[in-house]
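Listed next: structures, encoded as structure tokens.
Paired with chain B in one complex and with chain C in the other, chain A is shared by the two complexes that follow.
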Partner chain A sequence: MQMATISRWTLAYFSGALVALVSALALMALGLGYPSEGLMEPRTLVVVHLITIGWLSLLMLGALMQFLPVLVGRELVWPKLPPVILALILSGLALLLCGFLALDGWHNAPVEFLTLGGLLLLAGFCVAAVMLFATLLSARSLPLPAGFVALGLLSLLVAATLGETLASVLAGLVGGNFSVALVMHGVGLHAAFGLGGWLTLAAMGVSYRLVSMFLVAPERKGVLTRMAFWSATIALGGLAGVLMILIATNASWSLGLALTGLAAALAIGAYLADIAGLYRTRRRARLELHMAGAVAGMAMLGLGAGLLAWALWTGSQPVLAAAIHVLALGWLGGLGLVMLYKIVAFLTWLECFAPHMGRMITPRVQDLVCERRAAPFFILYFAAELAGATAIVFGSDVVFRIATALQLLGVMMLIHQYVRARRLADLPEAWMDHPKPRLILPATRQRSVA
Partner chain B sequence: MMPTPKMEIEADIRAALRSVIDPELGHNIIDLGMVYDVDVQDAGVVGVVMTTTARFCPASAFLQEAVAAAAGAVTGVTRVDVELTYDPPWTPDRMAPEIAVRF
Partner chain C sequence: MTDALELDVRPILRNGGEPFGAIMGAINALAPGQGLKLYATFRPEPLFTVMAAKGFGYEATPLEGGDWQVLFMPTAVPAGSAASRPEDPESWPDPIHYLDCTDMDPPEPMVQILTQLEAMSEGEVMFALLGREPVFLFPEMQARGHAWVGDFDADGTSYRLMIRAGRQP
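Moving on, here comes the complex of A and B:
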């Protein structure tokens, strides 16, 4: 029987992701990027890509390398690729950020860094997508959550290709009417494929499985799940149509965008209703901290989608920025932080105690964390997110920076909790002397049970 | 009815398996209803059929090994074959009533 194994590089992905998140929040708290500067200013682009590529994409790829095998019941195909992918993405991101700063005349750095960085990122994402697609295709049958992940991976490829084209335009390597049209209409598509198609759909797919597992609730296979999936597919198809019209005619296609928006709203509504059903049908009465925190993350998806609809209806740039902030840091980032709280403890338990089961009394996964200590920092994080988004809407730079500084404090304290879990620092006394694992790169034994 | 040696070994194995705790749910695998069958054959050869609460969980192989180790340590057991199955899948209805009320 095939079994999922421990992904050795997942914690390295998470570590890189957290460094990027801390860096982005610190830059925003210092007043770099939006709203202190314009939405398309180079330093805003630095912060945005630190969050979307450095934090969210690394987090999602690390999680998929661990949980896609669980989702499809097959081992990760080509398990030696994760460090190569990580190196490509980190080096590509570093060059891309230097390229953005070069647009501002930073140390006379060449703007071609943009194209080179984008190329490395495209290569890293392509290799990751091929590896994860191959794992999906090796499964005998694909559950619906895996379908969300497949759509997400397709979107990643489109977002990365579009990003590389935009980078080439900004670097002056592509010109003409197409470049003007791409900057005018392509940036929104790039963001929609990245934040919506890639990150949101992949998060939906992974969360369906994880929420069901953690709540001990029956897996959802009903009308709402199918509606969420097919609406998301239609939304993605609509987005692809808009992109093709843009490439063919250098013009935007308003009707296509409207249809995409409607289908996306339907997908999000069905997904949230379905997840509410999972919580209602759970057999685990008491919610552990990560599952209570996930409710806040899901609520942020509803809020972010509502703000986005408002922004598109009114054409308000601050509301659009607030919507993106809530979707990126509230929904995806918030859900990521709460899931990390569980996943880090679970991976640490697997590494330290799983091999001893049946031979000694082992702790529960939950024994590796102290919820009472961590809970206030999750509350701080989500409250600061709401305050920050409100400050963006009302144009208060000072309040935004204070809220971001508080959000940064919350993240730093949560990272401290993750490190404590890795250090076995919160375990009951009986296991205090248990050998501690390496912080980032676990020394796991390879497992393959035929 | 007097218990046969095979029945005694089975009882000892089930007692030993109570030391194996599901890491996520925090209860032993017997009370959680994860052990479907313990079959003691001649010469102490034992077959255990079990499941896990989540299909393809990364802890599955470790749980399988833990069952083999705990059952193998029982006096009279010479060999343990552990089969992992998801047919039928585990449901919370399989839990012992005293665990279910604390769940």
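Moving on, here comes the complex of A and C:
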């Protein structure tokens, strides 16, 4: 039967993700990692993986567990797996981070932590991908947004496998010419599959459906949507080709990279133009805060892609770092924070008021949040993102740390808003005595027969 | 016709317990038109009056060892569903309410549809037009005992949903 229920573990994924984001921002504000240290230094790798695995991947997996069933109209296959996946990823991440620090001689920890952590992460991501793929395959037909998610899941598997191989090289378990080639050319591929293939494509897929749903706009099925999808597929194919050549010949394939870059630029351009079309054809006149915030997130995708092209053209390392910062924290992270603002309220509303619908006056979803209070923190977050990226380009460590501290403040205040929504703290007086849900693990819905 | 739901309260009675709650729980769980087959250690006379008030007739058969089997069957079919069976949309009457939810943002369609259903008697049918498949509405309708059929129109832009109201609590 085609139906979707509240995914019981999604909020646990979101909580873990937010803890990782806060930790990463705090470390950066304290001056750990880039730009105070080198781009490939162990502590930079700690911060980068806290953000990409801890914050962004957990956020995306939690969101997919809730929204893939909505996208394809089927319940999640094997619903008992999400806590297992969460445990694998969290323990894997913890070991991986210890492994990076071990490279620095931290407490004489064994560097094998890297390989072990990578293995647990690979296991967690594989189980997640299999579960989500099985859910996709159980659908009667696959809408195009689900195609983006499928490409994203494939990239996740490649990124995780490549990551585990890199971890083994760093731990000294793999040697020879291949390991040298992998460290030289593989890191960029690992990042491209992770940030580009997995996170960006999955975010595109989810946002297509969420944006059209929240704006009450007709689904996009036109030329631009197909162009975005097929260009993304070609870009991913090019990236896979570059990887194959690297494995076979230990050398980089610049033609493949150029093809990937062009196709990726086309995909991003088509996607942004398509989303702009969605905003134009919307039937809701006024934009809610999360939909206004999403515009900032999408703009960051354009900015980040532009910076990346500039960095690859000029070979400038600071610009490359700024591009990754904007793509990870501005586009993916920013979009994540604004969507969380709506999703947390929506899931809480569904949990608390769905059983009462039609039987008593229920509040609107918007009543669970106070947009006026949250708006300044979103502005602070995105402004700090721009300031931080600018500071990286111009090499100002102090400005970067101040901007990151402000960004952290914005995130903490937004988390406070999410918690208030969960606690029903902003509801009008009429519902003040309504029973509060649990903060993280929603109660399973009782199928009342009455 | 669905098979009668079976409920054996003999273990409760033998342990000195009170089976009335279990019996009422089972009755509330019955699908429209479904009967209840009850096993007890005695002929449950007081229950016959209660069940008659709820629209059930009975057929009591003595079993070996002094136990009884009683089959309660609904006597009158509720008004409005003379030939309408929830599992067979072909048998449903024409819709008496129409709702256009295509311009509503989520979760408003869900609120409107459930509010309408609350005001309808069992067996009555409503029709709703939506911008997308209301996947979060389905579990709620299932929990409340409503039956539905739905599909996308030919060009896939609107979702057509026909709902047969279930029994009100």
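Here, the second predicted complex is superposed on the first by the 444 of 450 C-alpha atoms of A that agree within 3 Å, B and C clash if a C-alpha of one lies under 4 Å from a C-alpha of the other, contacts with A are read in each partner's own complex, and residues count from 1 in each chain.
We adopt the following convention: a contact is a pair of C-beta atoms (placed from the backbone, for glycine too) under 8 Å apart; a residue touches a chain by one contact, two chains touch by 3 or more.
Quick caveat: nothing in here was measured; it's all calculated off a predicted structure.
Once both complexes are superposed on chain A, the partners chain B and chain C clash. Once the two complexes are overlaid on the shared chain, A:Leu350 sits against chain B and chain C alike. Once chain A of one complex is fitted onto chain A of the other, the partner contacts of A:Val127 are absent, as it touches neither chain B nor chain C. Touch criterion met: A:Ala285 reaches chain B, while chain C stays clear of it.
In the overlay built on the shared chain, the residue A:Ala26 is in contact with neither chain B nor chain C. When both complexes are overlaid on chain A, the residue A:Met413 reaches neither chain B nor chain C.
Touched by chain B in one complex and by chain C in the other are residues 1-5, 69-70, 73, 213-214, 216, 218, 283-284, 346, 349-350, 354-355, 357-359, 362, 365, 447, 449 of chain A. Across the complex, chain A is touched by residues 19-21, 23-26, 53-70, 84, 91-92, 103 of chain B.
Chain A contributes residues 1-6, 66, 69-73, 213-214, 216, 218, 283-285, 346, 349-350, 353-355, 357-359, 361-362, 364-366, 447, 449 to its touches with chain B in the complex. The touching residues of chain A, counted against chain C in their complex, run 1-5, 69-70, 73, 213-216, 218-219, 283-284, 346, 349-350, 354-355, 357-359, 362, 365, 445, 447-450. On the side of chain C, the complex with chain A involves touching residues 28-29, 103-107, 110-111, 114-118, 131-133, 135-136, 138-140, 142-145, 157, 169.
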